[in-house]
Amino acid sequence: MSEYDRIGIIFCDPPSGYTPVDLSDLIIFVRDNLKIPVIIDQSRYLFSDFHVLMETIRHHRLTSVILAGIRPERFRQIVRTAMTKLGYQAESVVIADFGDTWCVYESQVQNVYELLERVHSQVVDKRHQSSHIQQDTIVIGAGIAGIQASLEIANAGLKVYLIEKSGTIGGHMAKFDKTFPTLDCAACILTPKMVEVGQHPLIELMTCSEVVAVNGTPGHYKVTVRQSPRWVDVKSCIGCGTCSEKCPVKVSSEFDEGTTMRKAIYMPFPQAVPNKYLIDGEACRFIQEGKCGVCVKVCPVTGCINLYEVPREIEIEAGNIIVANGFKPFQASRIDRFGYGKYPNVLTSLEFERLINAAGPTGGEITFRTTDKKGNSVFVNDSGKPQKIGIIHCVGSRDENFNPYCSKVCCMYSLKLAHLVREKLPSAEIFEYFIDMRAFGKGYEEFYCRIQDEGVRMIRGKTARVDQIDGHLHLRTEDIIAGRMLEQDMDMIILSIGLEPADDQKKLSDILGIDVDEYGWFKAVRYEIDPVRTNRPGIWIAGVCQGPKDIPDSVVQASAAAAGVLQSIMSDRLTDSEVFPLTYMIN
Amino acid sequence: MISRVDPEFKQELHKYGLREWNECFHCGNCTAICPLTKDDNLFPRRGIRLAQMGLKKQLVSSVDPWLCYYCGECTETCPRNANPGELMMVLRRYLTSCYDWTGISRLFYTRKIWELAAIILIALGVIISFLVFLPPSPDLFSKPQAFINEQGGVMINSLANGISASRFVQLIEYGDLLMAILVAGFLISNIFHMFYRVILSDRNLKFPFYSYFTEFWSLIYNFVTQARFSKCDNRTYWIGHLLVMTGYTIMFTLIVAFLKEFQIEEIKPWYHWQRLLGYYSTFGILFFLIYTFIGRIRKTDLKMQFSHPSDWMFIVLLFFTAVTGILIHIFRVSGLPAATYFTYLIHLAFLVPMIVIEVPFSKWSHLAYRPFAVYFDRLRRAGQNRQSIVELTPAI
Amino acid sequence: MEFEPKIVAFLCNWCSYTGADLAGTSRMKYSPSLRIIRVMCSGRICPTFIFKAFQEGADGVLVCGCHPGDCHYNEGNYKCLRRFKLIEKYIRQMGIEPDRIRLAWISASEGKLFAELANEMTQTIKNLGPSTIKAQLEQMV
Amino acid sequence: MEEIRIGVYICWCGTNIAKNVDVERVAAEAGKLQGVVVARDYKYMCSDPGQDLMVKDIQEMNLNRIVVAACSPRIHEITFRKALEKAGLNPYLFQMANIREQVSWVHDDREKATQKAIDLVTGAVKRVRWQEALNKRSVKVNPATLVIGGGIAGLTAAREIARTGRIVFLVEKEKSLGGMMKKINRTFPNLDEASKYLNPIIEEVSSHPHIQVYLNSQLVKLSGYVGNFIGTVNHKETQSELEFGNIIVATGLKPFKPTPLSNYAYKRLPNIITSVEFEEMLSKGYIRLDSRQEPKHVAIIHCVGSRNPDFLPYCSRTCCQTALKFANQIKDLLPKAHVYQIYADMRSMSKGCEEMYSKTAKRGVMFLMYDQKGKLPYIREAGKNEKTRLVIEMKELLSGEQVEVTADLVILMVGMEAQETSKQLSQVLGISRCSNNFYIEKHPKLDPVATTTDGVFIVGSCQAPKEISDSASQAKAAAARVLAMINKDWVEVEVITSSVREEICCGCQICVHVCPYGAIEFLKEKKVSCVNEVICKGCGTCASACPTGAIGSRHFTEKQILAQIEGVMLQLLEV
């Protein structure tokens, strides 16, 4: 709509029985903060005389009205009629109900302010839906969900900015060895999509980037992206790897979950997209102390590596934003009873994924973790093979002391890991310690049965503690079904760690102005039938950032979010009136 | 016959001070974290399960609650905050009242006022009968020096009017014996009841008769050392417990069996055995009292977070008994006959109900039940060893 | 060394080939005697293919399609079935044991079945011994 | 004719292939074959550098045929075809040898596996030399969409698309919209009125100017191809022909009938009802026995039919959480009633459901675990003096006790199974079904809503049982695909069709009869057959039927296949 479009607020008198209160500072607040016309219904004539009402609204040239006060509901109908008579749709009347708190107004003043602000911003958002929507879309996070969403939209012939914090796309899925229950190798099914993203003319991939500010209104977001330097020019790098060879600095690789070492200038993993090198600013000697710079000398492409590169901020205009920033694995060391970090052969599931991966530290051999001369813990091929492996479920999940929610994927990936172990070590004894086996998806239950047939021991009962006793990992578990205490010695323990909101989740929710639930996952306004729509029109959530889920569900959600985007662009309409109730209460 | 689940049973347990605990989803963490569980005694979880399902028979026939010493680790680490440790405590109370065939114990636990009334009643009874049979001699105030012996202490047995020292001791001894018989009577019958529920009522339990004797040592051993307790992480609690237990028993035996040697006119030098023993038990009891007082008030220790009235009742009684006991000693040594006489009176007014009420019917019965529980448990095992050991089966 | 037969298998793209892939993704081991050739539909398989296979020295030929009624192209597998009956007659006349050719319905979800089928067929062929057609034909020329 | 220059690339796929196949040797052998200019092996052909390697070769050695031996073509054929296009080569001058799914993953004997790999590669090389350049045809997309099924999934999909002002045909076989969700009283975990969510959608859909709803109707015939389908919809006597560009299948599922499970005495004893029947009772607002009294003991039995090899071998996913919801609803309506959950594994994994589980426990519900792989609970009628109606006998696993549960009302959480119409519909649509009769998605992980037939999407619980929110997001996901196609307004269609070489066509018209799509017509004047390539789906039945070999199906020509047969049978003498 045009700039003639004006929101006004009408303060209704409280119904009889309520003592009227002095509105003056409330009015001042509205005038100063919201800068909109205020009408006060002092002597109840406003609603009693329809023409006066019409006149007043016309006089203030109002196109949307906020009815504020105690139980203003009773006036809604008349104002609606007035508005429709004036040629505006009925939704242009919004109720801000202070509830009975009005009586104790002094104590409630802050809430009333907040309420009015909330209502106002919503009305503004609604107003903006009708002005043309910016076609470009921003996708935050390039895990499988982000990738899927970007492809869906780009394949519709629309521009996408894919913003990834790390140096490559792929997210957690790239780290997995196989995927349950089909046992496709994760890389095999993910890399083509990554390549597609990398090559897609309509996807602008921005690695090492973060969203730092979002301004503007739905359909016209102005997003500030902070791009920290890679120090290697993505265009000119030919990925020959000479720099990495010569680089003197070694640090543990985050892609391999610290099971291997990488250089300060590195390629996150062989199939990384963009398949170019980058420099780890914290580790690089030149960037830290200003000496070295060997990479520049050996690089065959002149000017490809620029160690003086600085972060830059880019502003992007986008109509929609899809948030798919994924999750953070639970910190196993937080539960000291399991001795993670204390005993070398207590591994997290993610570490094990890397260990068992063909591209992992041992080329897929399951071996023990030992400490080398330099004191970093490493997996070496000749350290023998574990013969008894225990997998402990629900580490950090379903636990009031940590995360009360269920992480949804652990049971299944634990079964998968058990299968992979069985494949690699046919003679090994494998135990799963679980509370409830949650094999819920398509083909999952069948997979569970299959793993049992493969001779993996399923123990109902969660291991309580792991102690290292002369080289063996000693477990205490109650085998509930057999009805006895188990005291077992294991060679290796895998902790099925749960999922937690990413570190930047809170920050993002503030920047984007979208709600999070009590655990910090993003909140959908109507989870039951629309799990990707947030309280902010034009901002969508997809994947695990909304709550733990497996790959297919993340992919589906990503596409669903894309649907929201496409729909809004194709219909040039952002909001869905059910999301925006016409009545607001003090919460 | 197949037992039937009983959802009402929770209400029953509530009377014994049960708090929220139904959240338990049986992950088995509590059992596994407990340093005392092994083989097939799966407390606390199995106890929780039986309580949840209201399977009274199985509950009463299991000794598990007695094998738990409430170190609180299970409660700390419980993923559902279901507080298994506290439930064990509640079950102990419940079992105590189950073992007690008179039903008095149940009355005391579930209706607080009754316990209090009973105590007061007995206390009054003691005071009255004491004043009737051993009235204070009028000379107590007029010429107190008449009661002072050559060591300058009060001759404790000659304070009653017109009653010779030997007679005095004898009367007290009768009283003690009566009390002891009463207590022992109840306690032993209750223990037998326990024995019936745990061992005899279990038809398919078979073990060789000689195990009764072979396992007997464990009863003594556990009674004296509280060995299992020491396995819990918190040692001070065990020491405190050991001290009070031994102190208490020593005192008990002294006054019941050796009153003639213990309560004598002359004051022996401090290194004399009876004085040393007396000091030891006093110290033991005080140590424990202070420890628990602080604990229960500060609620620092998990196991002391929820205090059932019966817990307080016992501590209070014990406290006053101890204090008055000490006072008697002080007054004697400092030669104050009147004070000695009346403190002695009050001392008994606390001591008697403490023993008569607490030992057979309330908190203190566990002093006896715990070691017996271990004993019975070993008997059951002796039975199991003959059956084939349960094989590790994959869970369903 | 022991005789390792070579079986040419024609799999339809929609059900059987997918089924074979499923056997792979589920790591179901079976005999390495099969040489799989993908066609869009079992209806595409014409007698020539089968004869060609034998002529080239195949010890057996396996033809797989979707279950009746499940054909991606409605009825291709029925056509295949009809032809197959015919072919069975022919090869008998040509002096090839009818057991050397086989028609089976493998759906996209029957990886296990496919693996079993492969082993089974290999066994039958092993029992029959190597096919002599190729040699005979070479003598003719 | 140009000189054939073939490039062969053998993929290691990490160790997936290299473990059981000696890739270097395969490459070496391939190098010896006629026409092969270069044969390489590489760790990950599908990765960026892998493709670049190929592209570089094509350009530098001007290769004009490519063979890649790697995983199944179903996974990566497209990927490599794109690479060819990138290198300026026609994507159809490419052949894949499947040496992972069909060699390295299924054979342990490295020698034999390698031999087989070599044969397959040889076959591919022989075949590829006969392959011709084909040009992709892109056709305009009909913006109208057909949605089959009026449940929450179908409704959501229809609404999403219609809101963009595109036509949607919604075909529902029942007489009203709403599907399964309509039978549901409240949703978990928040126990909201389901109607609160459903009704607005039904309202919008049924009143939407761009949605045409066909009730009591079914799709009986389908022709055409992605972007341009023509379907026949039967409703009552009348039939109507519809044209649309895409199809979204949302036919949902149906509850399992517990009668065959005799131990649950369904229909044999009174007051034993299924979860669906209980939902209906709840929506009426009361919980009652047949005798109109309120039950004092309510038992809820999980996994009825589900996770049971004899009936539904899979987990129905929603029952546990629904059962928890029931428990809460019962406690709300009858605070005094005792509720028993007789379960096998508590699968409350969805958002907010684990919390619902502990909340339910707090409300004093009794949870009893039964041996779902062993002896199932048994329901018997209570005796005279048992002061209850029904008794459930079961082995309780968490206590190891054999127990009895008294109950007035028993709720059986029945599993969910595919519609019996699924077979008929799958045949009409030409999509396949899994062993449990649910539709098979294109890829279980990365393409869960598409099917092997372009333009046909499956959403909601016709693909597998799932809760409302998942169905809704699947519906939106499919909508996204459709919208994308509509927005682009064109789509590439399969070029693998049949074509007639008129000079040798004898006009016998066999092909006309065998074609399942009526794509071949006989040109009277020319006396030859002619293929309508838009309708032809390229099955090749005609080709194999043609006596003169005049009809050939592109990309699967006689020459190519015979050459491949030759190839796979070509014994390499040196091994």
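Lettered A, B, C and D in written order, each chain numbered from 1.
The rule we apply is simple: a residue touches a chain if its C-beta (ideal position, glycine included) is under 8 Å from a C-beta of that chain, and two chains touch if they have at least 3 such contacts.
Because the structure is a prediction, the values reported are computed rather than measured.
At the centre of the protein atoms shown, by the Cα-centroid criterion, sits A.
Inter-chain spacing, taken between the CA centroids of subunit A and subunit B, is 57 Å. One inter-chain figure worth recording: subunit A and subunit D are separated by 27 Å, centre to centre, where each centre is the mean of the chain's CA atoms. As a whole-number value, the distance joining the C-alpha centres of subunit B and subunit C reads 84 Å. Along subunit D, residues 346, 358, 397-398, 434 each make contact with two or more other chains. Shared interface positions of subunit C, defined as residues touching 2 or more other chains, are 25, 27. Each of the following residues of subunit B touches two or more other chains: 25-26, 80, 396. Which chains touch which is summed up as A-B, A-C, A-D, B-D, C-D. Residues 4, 6, 8, 14-15, 17-18, 20-21, 23-25, 27-30, 32, 34-41, 43-46, 48-49, 52-53, 56-58, 66, 69-76, 79, 83, 107-110, 115 of subunit C are the ones that touch subunit D when the two sit in their complex. On the side of subunit D, the complex with subunit C involves touching residues 72-74, 98, 100-103, 105-109, 112-113, 115-116, 119-120, 123, 423, 426-427, 430, 432-435, 440, 452-453, 496, 514, 516-517, 537-541, 543-545, 553, 556, 558, 561-562, 564-566, 568-571. Against subunit B, in their complex, subunit A makes its touches with residues 337, 394, 398-401, 434-436, 452, 457-465, 476-487.
By the touch criterion given at the top, residues 144, 148, 152-153, 155-158, 179, 181-182, 184-185, 187-196, 198-199, 239, 270-271, 273, 275, 357-359, 363-364, 398, 404-406, 408, 436-446, 449, 460, 480-481, 483, 521, 526-532, 546-547, 551-553, 555-564, 566-567, 569-571, 573, 578 of subunit A touch subunit D in their complex. Against subunit A, the residues of subunit C that register as touching in their complex are 25-27.
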